[in-house]
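Below are structures written as structure tokens.
There are two complexes below, and they share subunit A, which is joined by subunit B in the first and by subunit C in the second.
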Partner chain A sequence: MQFTRRDTLALGLGAAALAGMPSAVLASVEDEIADFTGGAEIADGGVTLDAPEIAENGNTVPISVSAPGAVAIRIVATGNPSPKVATINFGPLAASPSAALRIRLAKTQDILAIARMADGSFRRAAATVKVTIGGCGG
Partner chain B sequence: MISRRDFLQVSMAASALVGASGAGNWARLAAQQRLTQDRLLEFDSFGNVTLIHITDIHAQLKPVWFREPSVNLGVGESRGRVPHVTGADFRRLYGIEDGSPSAYALTHDDFSALAREYGRVGGLDRVASVVNAIRAERPGALLLDGGDTWHGSYTCLRTAGQDMVNAMNALGPDAMTFHWEFTLGSERVREIVGGLPFAALGQNIFDAEWDEPSGDFSDYAMFERGGARIAVIGQAFPYMPIANPGWMFPEYSFGIREERMQQLVDEVRGLGADLVVLLSHNGFDTDRKLAGRVRGIDVILSGHTHDALPEPVLAGETVIVASGSNGKFVSRVDLDVRDGRMMGFRHKLIPVFADVIAPDAAMSALIDEQRAPYRDALEEVIGQSESLLYRRGNFNGTWDDLICEALMSEREADIALSPGVRWGPSILPGQDITREDIFNVTSMTYGKAYRTEMTGEFIHVILEDVGDNLFNPDPYYQQGGDMVRVGGLGYRIDITKPQGRRISDLTLLRTGEAIEAAKTYVVAGWASVNEATEGPQIWDVVENHIRRRGSVSVAPNTSVEVVGA
Partner chain C sequence: MASGVKPRIKVPSSASAGETIIIKTLISHKMESGQRKDKDGKPIPRSIINRFTCEFNGQSVIDITMEPAISTNPYIQFEATVPEAGEFVFKWFDDDGSVYEESKTISVG
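So, the complex of A and B:
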């Protein structure tokens, strides 16, 4: 567990900030997806999203994504105040449509990886990453 | 819940896999008054490979009392299934008679009375006798240590793990994996690991900066025994930097890394492994889930959650063995490995009854040598206990009630928090409490007792957060400890609810008033994972408290109301 006053304050403020904007956040998650897909159907599968089950440090969470046959992959952090994370475009010379990056997560949430395939269809994968205050391991 | 009969049917249904366990014998042996070393070790040798598993010793070199939990609740798919079965249900499940040696070793009822009858358990010199006897019969037996070995006692803390390293090197494991070892700090861990005469394993120990396997540990070790090739893959505790202070080992990252596990199983099979063993510090529920998702693991030797199971659990064709903690048990698993696969197994969870199993003289001498420089400090009597002091249980234990009482009294706090760790032996009613006893339940490299102010809202957030580490229905999101223990505070928990909705009715016990979200309370606790935590060491706080009281007695704790169990 973490108990310093500073952490207490930081966590309290974070929670307050999030509590104030759930509808705004939801809207922007949908916007982020629609902006990428143009509202097209998204099929599950065909995308591999590797993320830790529990983040060791919510400020820098290593994730990797790959989608054979993709021309672009967009990553969305559905629980962040600003859910936009990255859009990775793969040109014809890209060796493989995969990427590894570190992202910042405000709290426990689902990460989405949406791939635009060469034929214009969309595929997705999701992973839940828990962000915890920790402590107390047996 | 799987009954004994179901278990046998499952083993037979699993193609050629035939399993048997020798645990049911104990009750009969006791009835016949024949609890002897020979009987405890009796084993009808089987197959061509023998594994010996010991785990979570927590630096207990000497015999101890160790009461198993009365409350160990499972959620999701683990609800009501072993290891989440305790007391009379446990005895019924395994056909154990009340009052028998097995009942004493494996369940909590009548603990104090049975302890006087059957004596202490464990002691690494007794463990050495068990291991030596198995090796005499099966010279190629592999001894595998599941970790949490270099932590948990006065001498271990004072020597930064060296006493345990010396003793275990003499015992001679073939491989080991890790958890609390890392709280010695990464430099010390590398120093020890660099000189170990056996394999240091952890496929999930990564370099935090480069996010690739750390070169300081091996993924697996290969052995040839009885004409079979055996791969032992290691899995360290996945949530080390979250459950323990990551600043002590910032170079390392962990996690479950299930996909990599599958790649490694495939890799060792490709190298010709006939048997794949996972030496795991995942915790039991996580191992059971992993066994259902990673193909090709024959045996999981499961540690971390301190469960002692007299029969292995089958998950598909994977055999999961859980060998308890604190040196109380050793598991022997004989395997028939032929034609590149496991054809059958025979298993026994051997209880290390310290008065029945003769100590190994060489190990006794080595243990005495480790303790000699600290003898006076270890043996100093601080006070007496009028009641049973134990730690295990999902929500509280009397040792932690006493520690919380000490924190509130010595640090003048409204509320105390004590971490939900599962290590730490018990004290019988009427027994002296020595300094060693206090260190056995408190020693760690980050033991400072802080005193701080928290709002009611934040206290609630902490309880919800820790509650989810324990009661998230997906084992991959659990951390394997118990609920944070509280002093001066009452609450209600519904273990079936999601995070944020489990905890309610927080009450300040001193006044009987509800905890107010915006109000500030003085909270004392210990084992903060934050760097630069300030305060006296927890063992000094507890020692001062017990010394002041002279004699302590802990009443049953009724301040946590559990719903949905």
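So, the complex of A and C:
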């Protein structure tokens, strides 16, 4: 098969459009993670993130996180217009590094919970939530 | 101050020393995300509670930074250790600068 100049241009444009869209969103998710970890490596496991598999109403999605040995946990919603959700800092009187919240999700997406451990290392957990009705209005 | 803000907190009235208790808090607040638009297509300005803290006798239990992705009427549940009798102080910080404060005493028996 031979490509004409026009085909090649069209292909290039299509590829650029495809690549451009998600990378813009992913970049802000990565920024949000890097802002918390300072670019440190994140290990999987050691964090429990409980979220419903299917959320009918994206306006209130109950989630809970816990990470034994963590001093702080950041929650990131990868598919929201702004991936920031919350950062939980545990004080000396927190009985366990766990908390439950209700969050808004714009669409079906992955949620990340990243925990900063007492020794300065980072751990993460992810959960996919299917959202029937998005929770960001419009 | 946003209208109709009312904090509700559930803390047991007594515990034994060193016991772990579960604290549930809910504050009625519209948590306007800044993403929504009104009928004329103009964006509705953001108005949320951006921080929640809980302290016991001056020592921090939990400190949460909240973003617009937190639901209307923010509900937070967490666990605290009660080393002695004293007072839990809960604070919610609104975008408009107001701070809603509430406290609960707990006895150790």
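The criterion applied here is as follows: the second predicted complex is superposed on the first by the 108 of 138 C-alpha atoms of A that agree within 3 Å, B and C clash if a C-alpha of one lies under 4 Å from a C-alpha of the other, contacts with A are read in each partner's own complex, and residues count from 1 in each chain.
Basically, contacts are C-beta pairs under 8 Å (C-beta built on N, C-alpha and C of every residue); 3 or more make two chains touch, one makes a residue touch a chain.
This one's a predicted model, so the numbers in the text were calculated from it and none came from an experiment.
Legend: residue contacts after superposition of the two complexes on their common chain; A:Ala100 is shown touching both subunit B and subunit C.
When both complexes are overlaid on chain A, the residue A:Ile133 reaches subunit B alone and has no touch with subunit C.
By the touch criterion defined above, A:Val85 lies against subunit C but remains apart from subunit B after alignment on the C-alpha atoms of chain A. Within the superposed three-chain model, A:Ala77 lies in touch with subunit C and out of touch with subunit B [touch as defined at top]. In the superposed model, A:Thr108 lies in contact with subunit B only, and not with subunit C.
When both complexes are overlaid on chain A, the residue A:Asn59 reaches subunit C alone and has no touch with subunit B. On subunit A, the surface touched by subunit B in one complex and the surface touched by subunit C in the other have residues 100, 135-138 in common.
Those residues of subunit A that touch subunit C in the shared complex are 59-61, 64, 77, 80-82, 84-96, 98-105, 135-138. Across the complex, subunit B is touched by residues 1-5, 7-8, 11-12, 15, 50, 52-57, 62, 100, 108, 128, 130, 132-138 of subunit A.
Residues 20-21, 33, 35-37, 55-56, 59-72, 74-81, 83 of subunit C touch subunit A in their complex.
Contacts from subunit B toward subunit A in the complex involve residues 179, 208, 211, 237-244, 246, 253-256, 259, 283, 304-306, 417, 419-423, 450, 452-455, 457-458, 461-462, 465-466, 468-469, 472, 474, 476-477, 479-482, 484, 499, 523, 525, 527-530, 533.
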